């Protein structure tokens, strides 16, 4: 049970089980019920009003999905506070404590809870569920591709499996570090009590949860047959599942935008005294860069999908050539999102990996300022490279040269990232615990992923490789082998703080080796397929690609087994894991200075920062006294404690 | 561990270190591990079954071509087999007690009663089609020409033709090998429309001899049809995919809906 | 040693010069050299083994680029791998796992190293850019007397027409040593016109005509595939093609319905 911040006894407050009305009974299940109810109502009304029109089916699906999203969020309590404000009431202090989960035990994980630690844990579960869905779909794909002409899946079922696998994994990797770890760890890391907008935090979580059934509904509405990129006009031609997909994306974009605003404002305004920008742990910089870039990119995604819906349901011609539109419009708007989006995926896990590197090499971060500059440069350049995904579209051939230049330039700040990791490891005391294993795997994989991207940035080589399995292997090396492995390192690193349990390292290392070896087998085979000339997104292939596909499928089964062992490791740790001390890694950042489990408002006394958190190997400095006594937190009388770097 | 010389008489440290010095942290539960694997397997198999069952499989199964003897084509003697299928304006209902496309969308046209065929390799295949559907103009008039058949012709209502008017097409039967299978094999046969879209008096669009032989009172209310017969020499062993190239579907250029759902306007030919 | 040496001497001890190869830098250099060698060998031999037969200058450019990039990537990857490997061999803390090792040296950065790293990566980048831009510009330049081929992609078949001959074929036949300009369009959705053996790829877009050029320089057969997901039968949207001599090309045109005079005229234009 959480040690709450000196609250009154539960029975003495209006927080007891009988207190409060309907608002306090709301949770995930009331959300489900309300969402289904409102969606049914929306379906009935739109069906009655629109079915006679030629576009009846698309509009009906769209309205049903939108009413589901709104209904679910009403039911789970996302809009309670605004509703009350509309009625002229505000929330009482007890209401706010209740919203923060006080007195509810584990039930608070099923509810709209403003405590950033709860939201972070909820995101962690969601991410694991999303990876489970995406991983299952991946097994379907690799099983189909075991033979050149398999009778397992029909062509459009395979296309829909591939499409949903792609978008599910993209969504999961976008939120896999900024959802769980930035939410849980970052406020503590900067010395804050919570995020800048706790209610917005919880809202962003439940909004993304409501997007998931829209995605799964596509399998029952004819399937999305246009890939995760859903190029128009093919997506305009597709079955009504495409409307559900578009609503899912729009909802997801809204959630990511809300969450991004929250994280950026928190990092800039909620830092404790003495936490200057130059003392911020690199994880905060990486998270801010990631979500900041997302704030730029996600509206483009939303826009591209909104016009797919109007082209389908209302008869506009943004993307349909016969009406004067162009598929190139879709491709441009999409990739204006699509390229920054991969850096949204990459930057936060890489930044988390740097925290792991410092802690497990027992050394300061090498090149802090240069690294922050590299993150900023990556963000800026990533906005300028999108058309390297369009080299073979025939759009603006004269721009091939400039986009080649900007794309190759991005390899320079990415190289700085490697310099800083290598520099941090240099002559360190390498402590080979489980998170460190994943750091080395990241190093191995991300180089291959990054280098193969260079091939694709060169137009003549891209003319050979675009649209074939080389591209698929490249982005799996960077996103799965790079970002996701870095996120796994972050998971193993912060698991003791989040759950209060240690992971069984023997199981973890078994999982690690299966993942590492399975991954290489699968994706080296996929590079082989790419060199041979096998196209992407095909349910059937020429028998010349048989050997490479068999190898890839075998590797994929081993890789999946490795992830299952890791899942078992997590579950086992929850049930039988050794209780974790507050700072099992003897690390230096602020989250390790608070007890586990973390108190409601994180700090028993408000910290004042006097140096950064990378003082490994440096002799302890005498703590500097601030010029003026900082203001005391009104309800406390203890003197502020100075927390700084230096040897522990 | 620091060197323990001089401390040899102290009791051995009873700190909870496992023999491998790993911070094991917990028990390895074989049962729990197997449970995780079993649950995962159940999920994979269940989801796999769900997707597998989404593929259209006709209750009639694969139509195996009937052997009707031997034939000689360009001086080469080979087995002669026959195949039958029809094309209908809607997938609901049945013909002679056989469902056209069970469980299908009733407003969508369909080939029936099955979309999977099997013929021997390097054989003369003669296909008989009854075409009941209406039609219109092709997106690409290229498909109005007969290609890949014996003699380059098809026999429509008893008359041999090399091509049809591209504005009077109901469906096509376009057949090519799966990737890598017999690159030189290709068949394209346009099927003429059987009734105009506003159901006028049938006129020249329903000229099959059988249909014309029926009395007008019988014809009234019975769906009219055209007969098409064509022959081709099957290629080497492998899977071949056929589909319709007339835009009888929905949405952009008419290739949505049934055109993009396997089983209505698409299927496989297995050459064994 | 006299007492004078012990008293009043304030010199620092002479610096120890360890030989290069027993310092970490030296050992890493050796590991790096071995890994680079392996990478270069892989780059020079493996792609050519598994890539298909290239039949055009653009195809050869693609292969050379791929080999060159692999060879240039080898030392870069090897550097990171060598340091990573060495860190596990030499600097791994060997002790009880649940006790943290002592801190490492408090090195927060190295200005000169960072500058060198940035400069070298920029130079590498420039080399790749210059190479890529040169090849790219060469491929964009039109030649004289190009054979025009109109490519139509539609769900789910490629057709090729040769303007002026009336030939509209399902297979793509090209004469050797003659520059070709493909004018590509689509009837419905976006398709990808991709001929791996010729190193050409361009999307077929409805309502647009996109252009890609190639010069076949070897006789042989090739495959045309669709590289942009286009719906149900995307996997089946492939066809065969061949690069043949001009004489054979003329014969083929005739067999597809061109008049003998037109066929000869189109096939035998000297560049």
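Order of writing sets the chain letters: A, B and C. Residues in each chain are counted from 1.
Keep this in mind: a residue touches a chain if its C-beta (ideal position, glycine included) is under 8 Å from a C-beta of that chain, and two chains touch if they have at least 3 such contacts.
Note that the structure is a prediction, hence the values are computed from the model and not measured.
Because contacts link each chain to all the remaining chains, their graph is best described as complete. A comparison of C-alpha centroids places A closest to the centre of the full protein.
When C-beta pairs in contact are tallied for every pair of chains, the largest tally goes to A-C. Each chain gets a centre from the mean of its Cα atoms; for chain A and chain B, those two points are 39 Å apart.
Taking each chain's centre as the mean of its C-alpha atoms, chain B lies 37 Å from chain C. For this pair, chain A with chain C, the centres built from the Cα atoms lie 31 Å apart. Within chain B, the positions touching two or more other chains are listed as 22-23, 178-179, 252-253, 255, 260-262, 266. Among all residues of chain A, those that touch two or more other chains are 155-156, 225, 233-234, 237, 322, 433, 505, 538, 540-542. For chain C, residues touching at least two other chains, in rising order: 97, 188-189, 223, 225, 231-233, 235-236. Contacts from chain B toward chain C in the complex involve residues 1, 17, 21-23, 139-140, 142, 147, 174, 176, 178-179, 183-184, 186, 241, 243, 245, 252-253, 255, 259-262, 266. For chain C in complex with chain A, the touching residues are 24, 47, 50-52, 58-59, 61-62, 65-66, 69, 73, 76-77, 79-81, 83-84, 87-88, 91-93, 97, 100-110, 113-114, 117-118, 121-122, 125, 128-129, 131-133, 135-137, 139-140, 184, 188-190, 192, 194, 196, 199-203, 205-208, 210-212, 223, 225-236.
Contact residues on chain B toward chain A in their complex (touch as defined above): 20, 22-29, 32-33, 36-37, 40, 43-44, 47-48, 50-52, 54-56, 178-181, 238-239, 251-253, 255-257, 260-263, 266.
In the complex of the two chains, the chain C residues touching chain B come out as 96-98, 152, 154-157, 159, 168, 170-171, 187-189, 221, 223, 225, 231-233, 235-236, 238-240. Across the interface of their complex, chain C is touched by residues 155-156, 159, 225-227, 231, 233-234, 237, 321-322, 326-328, 361-370, 392-394, 397, 400-401, 404-405, 408-409, 411-412, 415-416, 418-419, 422-423, 425-433, 440, 443-444, 447-448, 451, 454-455, 457-464, 466-468, 505, 528, 531-533, 535-542, 585-586, 614-618, 647 of chain A.
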